[in-house]
Structure formats: structure tokens, C-alpha cells
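Given below, in the form of C-alpha cells, are the structures.
Shared chain: subunit A. Partners: subunit B in the first complex, subunit C in the second.
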Partner chain A sequence: MEIRSAAEQGLASCHLCGKVSPVDLGECPRCGCKLHLRKPHSLERTWSFLIAAIAFYFPANLMPIMSVGGLGGTSHDTIMSGVLNFWKKGDLLVAIIIFAASILIPILKMLALVWLCLAASGKTRTSPKNLARLYHVTELVGRWSMVDVFVVAILVSLVQVGALSSVLPGPAIVSFAAVVVLTMFAAMSFDPRLLWDQHADRDLPDTP
Partner chain B sequence: MSEETQEPRATIRHRRRWSSVWLVPLLALIVAGGLVWKHYAGRGPIAYVRFETAESVKAGVTEVRCLSVRVGVVERVDLADDVRSVVAEIRMDPDAEHLLREGSRFWVVKPRVSGASISGLSTIVEGAYIELEPGETTLPVHHFDGLEEPPVTPSSVPGLRLTLVAEDAGSLASGSPIYYRGFEVGRVERRRLDIENRRIRFDIFIKEEYSSLVRQGTCFWNTSGIDVVAGADGFKISTPSFQAMLSGGAVFAVPKGGVAGEPAQDGAVFQLYPDEDAARKSIFTPDHRILLYFDQSVRGLSPGAPVEFRGIPLGRVVEISFRHSPPGDSRVPVVIEIDSLTLGKAVEDIQDSTAVLAECVRRGLRAKLSTGSLLTGALFVDLDFVPGAAPAQLAKVGEYDVIPTESSGLAQLQDKLNSILTKIEALPLDDTLEKFGTAADEISITVKDLRGTLSEAEGALAEAKKLLARDETQNLTAELEATLKQVRTSVDSLGPQGAMQGDLARTLDELRAALRSFKVLSDSIEEKPNSLLFGREGSGDPKPRAKQR
Partner chain C sequence: MKRHLPGLSWPRIEDGPIRVACHFCDALQDAPRLKEGDAAHCCRCGEVLYQNRPRSLARATGFSSAALIFMALVHLFPSITVNAGSVRRELTILEAAQAMWRDGNPAIAAATVFFTMVAPLVLVGGLLYVTAPLRFGIAFPGAKVVTRWYQLSEPWSMLEVFLFGILVALLKLGAVGDIHLGVGLWAMAGLVICTTSAIAGIDRLELWDRLEIAFKRTN
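Coming up: the complex of A and B.
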């Protein structure tokens, strides 16, 4: 059985309201939104957000994220030094959680996006099912990565006990926020249908 | 695909190869790169400061402050290569780079409690920090030796910094106050042992507004504790203020008779005398050493004893030693040093001190031992012009001039007699004197009688002459004989067997006895001067006492 995609029939789904209309209309007859077969400049945008996120990833990890002042002076910690401190103190679980949420997952997410982009432009060969799963995980987990930003934001607002203790955000926190936002944008602007387009082009002859 | 049915509008959209979205990564790269670059390039230099221990210094926590402003933070603390000290790596703030210069000093501010002060209390709560005191120069340096003790006054505070040198540390310590007329004008900043010279050196700080009080002629002395001195001039007890008694302190002043001189320069070195007396004595400048030979006991004379000229301090005894005595001479040699300038005022303006002395000795300058205090029996050397002294010359033995001495036994006795006149009055001297007076009266009466007798004799002789001139003189022989007998009786009364003589002899005997009792008294005073105060000890006879149970 031949499956004909909507795109092949010249139908496009509206990005806003989801109504399927012929792409020749130009605008969605229901909401007036512009009609595209695919998200316009999807790969281009994803790449640009991805590169921006990677760029911000360096300052986010190299600069101190939080200054904790209290009895005995002020300490400045980067993410990694915080992880190492927890590890040295024996709080392995906390160290692993922070390491995973703030270092590992963002990296994996960006790597996944890079992979997806490459796949979408036909540079790699992976089964579309796996790619779809990867994309799903990326979008789902990604926005919960780098919880530090939120932890710091909460701590800063909660822990202000005068001279006894205070928490101040470090310069890395903006970069962290930027990485989170930019990866989210990158994931959002990626059009997973591009993956299947690649597949469809290649698989069509094989499909009866 | 639907390329064939594409509208021209769509083609135009496709031609735009560079979307504005690429500005995002461009901006991101610039911003991120800028952040990283700023973080690393703008981190400021590292200072390596060596401390004895890393006590209360924590990597990443301990701040470096300059006048309580944060200028850096300790990044790492490592053991030094020789494992005897630690090196703190201090990451300075970028705008504080200029503070790392030659002469900059680092020390750890932590709670310190000393006798005089408590400092660094705030660090109990907020943790220790390293204080940086910038140096004066602009030469950049990155390796420093941290101070173990904080300098009490930062060098940026204007004032006078001096060094005191003392033989003994006493109770003067870091933080001890410096007084001027009982008013605190500065502090001891540090004391250290000068091993090379075996002396104690005190670095002191005088506040700016009082720095003009310190002159070149100023003397510093210790005021710690209670000072009881028993010297040739009696007992002396001096106590400083209560605070100085507790924590020690030093006083400075220009001693009486001293020359103030120019204001002291920063970094000047002064001697710290153990007490005010020593400071006062220090101002005279002995320029002449003189040897004296005393032909009597010098018990009670000690090195340092004063040498006075008619009561004016002139010098001091330096040495009492037979080292200077020629062989076979039993006299005691005493070396004194004097300021011949004072003595020079007594004679004409002769500049050369030896010439002054020679002239003085020619005029009768003699040295003798005098008792300064009856209580302590301490002696001092008294220089004075002795009227009618045997002529003498300034001699020379070795390198020393020799001033002739005079035995002071009589003078000593005289002094003692003067001082005990009240006791003498209680002695039976009045009776003696009365008797003496009576005797004198008797003598005068006798003499008057004698005179009368003599004039009678004269008359008689004249008559005899007259008689002799007459012829009948021969007949008067018997009469003359009688007259002569009368004269002989009168003369006899003055002779050895006469009443007069007996009276005189008795009087003299009593006078002798009185003098003997003086002698006993003076002897006992000489042996035990304190018997004047405390009385003589009881007789040697044992006293019966109750049995001790």
C-alpha cells in the first residue's frame, strides 16, 4: 500500500492551529497564518541556536556560578568545583545528580541536536524510529537540564541572613540560562519531519 | 515536490541564503568569548606570600584586604619546598594589581589577645583575612614574606618610628605605651632580640602630633614596675602609673641639664635606660679617666657611685681594682671618669682637660671618700679644693691621671658629729663646760691676785731700793727677808703643789673623759651606722626566758 504524504499532495499543516490546507493558498484559511510545508529555515535556525548554546556553554562552566558567603569567608564555586566538592565530601549522589543535570545532559542534548541536524541534512544514516525517539527525549528532558539556574535563583532569594550567610549568583548564571534557553529554541525550531523526508526520499523506490 | 507550481514570491524567499537568525550564534560567540576572555584575562595577577603556618588561611575563602577593602583572595595554599613554611597563592583583583609592589607587607588578621590589647575580634565571626599594606615604591613584586605579627601601626599613618636598644627586655612588650610626662604619645610596635649584639631592640611609634617632642638629646627609660633604689643618695621609690605598672611602658624626656637638640629623625636609634636615674646620669659625657689611690678601706664604694665636686655630680666610679696598683703599693686604686668641662668652670677657661686638672690639683684639688648615706653606708668620691693642702702635682700612671687623695677619716667623723649633735647635747658636756668655766674664773682670779702680788712686790722692791739707797738699809734685812717669804708663798700657790694647778688638772681629766665617750660613740656609729636609728643592741648578757614548750 502506497502511503502518500500530505506534502506530496501539496497539503500543509498550519503551524498555529494545525488545519491542513493546500500549501498554494499561502495563508491558513482558518487563522490567517502563513502556510509552509516545513518549518522555514528549520535547519538553519537550529544550527544557529545550537552554535550559540555551545558558545555559551563554555563561560557557563568556566566561571563561578554561585558565591556562598557565611561564617569563615566567601567561597566561589563553578559547577565542576561544586561537583568535586560534593564528591570529596562523600555526597556521591548529590555530585552525580548535579553532574548529570548540569554538565552531562546539556552536552548530550547538544550532541543529540547536532546528530539530528546532520541526519536531517542527510549526512548520517540512522533509522528514523531511533531518531524520532532521540528527538523526543531531547525535547522532553532538555528543558529540565541545568536545574542549577533555578536552584541558584531560589537560593539567592531565600538565603540572605545578613552577615551569617548569603548566596549570590555568579557571572556564569547568565550563560547557563542562555544555554538552557538556546537549546530549547534549537529543539523547538528543529522540524523532525525533515528526518523522515530524508528517509522517504531514500526509501520511496523500495516501497511498493 | 511542488517546485513547478511555485510562485515567484517563493523563489525570492529561497534566494535569501543568509537568514538573520545567524546573528544569534554570532552574538552568542562574541558574548561568550568575551565572558571567558574577561574571566581569564581579567583575573589579576597572583601574589605568592610565604607564611610560617597556614593557620586560619583557607584556599578560596580567605580574602586579602587593604584597609578593609577586598583586593584579592587566597587561591591555593601549598607547603613550601623546604616544608618549613607555606606559600599562599593570592589571586589579586585586577584593579588591585598595583598593590603588589616592593615593600608591601602581608599579615594574617586573626583574633589576638595580648597583655595590652585585644585585636581582630571581628575575625572570630567572619573568619581570618590577610591584610595587605602597600609599599612605598612602585616596583612590582610578586613574591613576599608574610609577617607573623601585625605591625601595630600601618606605615601609611604618619608619625615617628624609632628604635630603642636595651640591655634587658624588662616588661616592655609589643603594644606597651610610650609616655611623655605621663601622657601616652605612642606605642611599642615590636620587640626583637638582636642576637648579634645581644641586645633587645624595640620598634616604637610616636604619633605624628607628638613627634616633635622627641629630640636628639631625649632619653628613654623603662617605667615598668616599682623601683626601689638604695644608693649613695638614700632610698628612692618610684612607681609609674597603674597601667604602666601592669603592662610596662617607656617614658622619654630631655633630662634636666641636657640639651634638647634637633627633632629626631625617622628611624633614629635611642638607648633605653632601665630607669630614670640611669637616664639622667647618661647625659653627662665623661671625657677623662682618673686614677685615685685611697689609703683606707673603700668598703661601701661601688662602681657607678657618684663623683661629686662640692655636691655637683661630675662623674662616676668606673672600676675598683688592684690592677692599676704598682707592685708593693697597698693603696686601693679607684678609676673614676669625670666631665672635666664642669670642673673647668672652676678655673680659668682652659680647654685642655688635662691642663684643667693640673691647674686644679695645683690649687689644692683633692679626692676623698665621703659617706653619702648613713643608712646604707654607701660612699661617694668627693672632689674639693682643700685649703692648706700640701703642694702636689697631677701625676700620671699609665694612661691615667692621678689626683692626690686625702684621708677622709676626720671629715667623716666631722660629718658624723654634725649629724649626731642632738645626741651630743644629751651627754654630760654642760657640767664639764661649767667646770671648765669655773676653773677659768679661778685662774683669772688667781692671775689678778698674782698681778696684785707682783705690784706689791714691785712696790716693795721700790721701797727696798729706796731703803737700799739709805744707809739704814742694812738694818732692814729682816724686814726684806719677811717680804721675800711673802712673795714665795704667793708664787708657791701657782706651783705644782698649788691649788690652782690641782683645779686645772681635774678639769682636763674630765675633758679627756668626755672625749673618750665621744670616741666610743663615733666608733659604734662607724661600725653600725644604723644604731643611730635602731639603737644599740642589748647587752651580751643572756636574758632569762620562759621555757619554750
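Coming up: the complex of A and C.
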């Protein structure tokens, strides 16, 4: 059986409710959403969010994410030095988790999105099934990078106790939150159907 | 392709065969009716097209009401209490946000409130508002807008990430003072489980089919 895409027949499935209707209607008859064959300006929007996220990634990692004032003076922690502290203390598992959530996942997510964008504009040749898997993973793990921002928020409110007299959020924290939010926006504006459009254009056999 | 299983699947406004386009690869295909518990997969990319979840509306209402109760507990009771000599600190989400606001980072305070209070509330409250009356075939006014909001709020609800953040913060605090885990923390765990089950309980296409019918009936 030949598989045809809805777009080839001028049909659009609604972004919100999933109903398939002719794109000429302009609006979904069921939920009133605007109908598009593909998310409008998907690649341009994804690229812009992505580039903004990459720009924020540098201050997020280079500047201190929090300052801890104790009896021995004030120390500034970057994300990486926080990871190293856990490692030195012997909390290897925590160090690995924080490293994964705050450093590895954002980098991998941005690389994955770059790859997806390139593939969607026909610059690389990877099977769409693998790319689909990649897209799912990026969507799934993206939110978890927010964990360090919350950790600082929790520590700031919790610690005015004992030896630690003050914990203050550092300038990196806003950049870091921006990276997470921007990569989430980038993933949302990416339209995975573009990957299959490329695939179909090349006339490859599309059996599952 | 069309299978009739009366009583087992939800009604649809059109009785003829329905076609769906995979939201992932856009392959257009027939959408058969499914038995409860079954899922239809895309014939090209294998993505789930839609599912017929067992007792979906009952589950969605039940879990989302439970989630609302847990949500009240999360915000009323402290999650952690730290005692160190004469000093005693308690943590609720709102206090964490307040401290961030005071100490020079209103943006992060606002983000925390949005990700851990507003988005989960819209998600769970919206789902309850839509599914509870749907059990009786009624759609409340604004149900379409509310459904849209709750679908949009889904990725922005980050309570489970916050919960994990508390655990990491505890490890970072290390030996500073006496730490007690409070009702708020357990409620937060309950809230995360209930929210996940509530969303997983109902399929998006099923919800819209039911909404369509309900609107048809009221108009």
C-alpha cells in the first residue's frame, strides 16, 4: 500500500485537536485553531531559539550560579565546580546526575536540535526513524535541566542556618534558566513532519 | 478497516470511517475503532496515533481531583524543616520563591512560581474542569479554551523536577543542622504521581471526540 501524507492531498491535521480537514478552511471546524500543513516558519523559529540558547549557554556555565557566604569567607560556585565538589566529597552518583542534567543534557539537546534542523533542510542523510527517536528523547529530557535552577532557589530559601550564613543566587542562574526555556521553545517549534517530507522527496522506499 | 464495538469505544460525530494524519510523519490513514486498552499505531513511523484508554473519563476525573487535594497540601505544609541550634527554617514552594524575590532574582522567583504552581494548577484544574462534566455528556462553557490551555501547560509543569531539586539541595546542605522531611514533600510525590496518571488516563483525540459530541448536544 502506498502511503501518502495528508499534506499531499491538501489536508491538515489540527495542531490542537488532531482532526483532519482541508487546509483551505483556514480554521479547524472542531476547535477553531488555525490550520497549517506544517508548523509555520518551523525551521527559522527553531534556529533562532537554538542560536539564542547557545549564546546563553556560555554565561550559564562560566559565571557563578550561586555564592555561599560562610565563616571562611564567600565562595562562588559555577555549575561545574558544584559537580566537582560533589565528586570530591565522594557523592559520585549525585555528581554524575548533576553533570548529566546541567551540562550534558543541554549540550546534547542543542546538538540534537542542530542535527534535526540540518536533516529537515536536507543537509544530512539519516533515516527519519532514528531522527524521530532523537526528537522524542530531546523532548523528554529537556525539562530536567531546570533542576539546578530549582536547587539554587531551594538553597537560597533554606539556608540561613548554622555555618552557612547566606546563599545568594549568582548571575548565571538567569542564563541557565533561559537556556532551558529556549531549548524547550526550539523543540516545540520544530515540526518533525519536515523530516519525513525530506525522506519522501528522495523517493526512498518508506516501509517501517 | 472500521470496526464496530458497541459500548466499548466512545461515540463520534461522523459515523463513517475517520482518517487521521500521524502528527509525527503526516501519513494519512484510516482510523479504526479500538477495543478498550488498545492503541492504533502509525503504519509508516510506528508512532501512537490514538488510544482507547479503559474508563478514561473516570480515571481523569479521579486522579485530577486527588491531584488538586495533594496540591493544597503541598502549598500548606512545609516540605523540609531545618533546625540548627536556635535557627529554624521551613521550606514551601512559595517561601522558596519569596526568598528568591527578596535576594535579587525576581525572574527566577517568577519562573519557579510559574513552573511549580501555575502550570500544574492549569494542567490539573483544566483537566478536571473538562473531564468531570464530560462524564455526563456535558461541556462547560469555555471547555475548548480550557482544553487548549491545559494541553499547552503540559511541558511547563515541572513539579517532579522541583522534587528532585529538593533532594539534591538536601545532599548539598550535607551536615548543616537537623533536617526533617515534612508533609509537603510526600504530598508533592503524590501530586506528581496523580498528575502523570491523570494525563495518561485520557487520549487527546478521544477527549476532542467527546467534546465535539457534547457541544453538539448542548447547541
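Here is the rule we use: the second predicted complex is superposed on the first by the 196 of 208 C-alpha atoms of A that agree within 3 Å, B and C clash if a C-alpha of one lies under 4 Å from a C-alpha of the other, contacts with A are read in each partner's own complex, and residues count from 1 in each chain.
Heads up, the rule we're going with is that a contact is a pair of C-beta atoms (placed from the backbone, for glycine too) under 8 Å apart; a residue touches a chain by one contact, two chains touch by 3 or more.
Computed from a predicted structure; not experimentally measured.
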Q: Report clash or fit for the pair subunit B and subunit C bound to subunit A in the combined superposed model.
A: fit
(Q) Just checking: does A:Leu118 make contact with subunit B only, subunit C only, both, or neither of them? Give me first, second, both or neither. (A) neither
Q: Mind working out whether A:Val137 is in touch with subunit B, subunit C, both or neither, as first, second, both or neither?
A: neither
Q | Touched subunit A residues, subunit B compared with subunit C | A | C
Q: Based on the superposed arrangement, let me know which partner A:Ile173 touches: subunit B (first), subunit C (second), both, or neither?
A: second
Q. Which of the two partners, first being subunit B and second being subunit C, lies in contact with A:Gly32: first, second, both, or neither?
A. second
Q. When the two structures are overlaid on chain A, which partner does A:Leu92 contact: first (subunit B), second (subunit C), both, or neither?
A. neither
Q) Measuring by CA atoms in the overlay, how small does the subunit B-subunit C distance get, in Å? A) 13
Q. Taking the contacts subunit A makes with subunit B in one complex and with subunit C in the other, which residues are shared?
A. 7, 163
Q.
List the residues on subunit C that touch subunit A in their complex, please.
A. 19-21, 23-29, 43-47, 50, 80, 82-85, 87, 89, 91, 95-100, 103-105, 107-109, 111-112, 115-116, 144, 147-148, 151, 155-156, 158, 161-162, 164-166, 168-169, 171-174, 176-177, 204-205, 208, 212
Q: Sort out for me which residues of subunit B touch subunit A in the complex.
A: 1-2, 5, 7, 13, 19, 21-22, 24-25, 27-29, 31-33, 35-36, 39-40, 58, 60-63, 73, 125-127, 129
Q: Note which residues of subunit A are touching subunit B in the complex, please.
A: 7-8, 10, 23-24, 26, 37, 40-41, 44-45, 47-53, 55-59, 62-63, 71-76, 163, 171, 175, 178, 182
Q) Touching subunit C in the complex: which residues of subunit A? A) 1, 3-7, 9, 11-13, 16-20, 30-33, 82, 86, 89, 91, 94, 97-98, 128-129, 132, 139, 143-144, 146-164, 168-169, 173-174, 177, 181, 184, 188, 192-193, 195-197, 206, 208
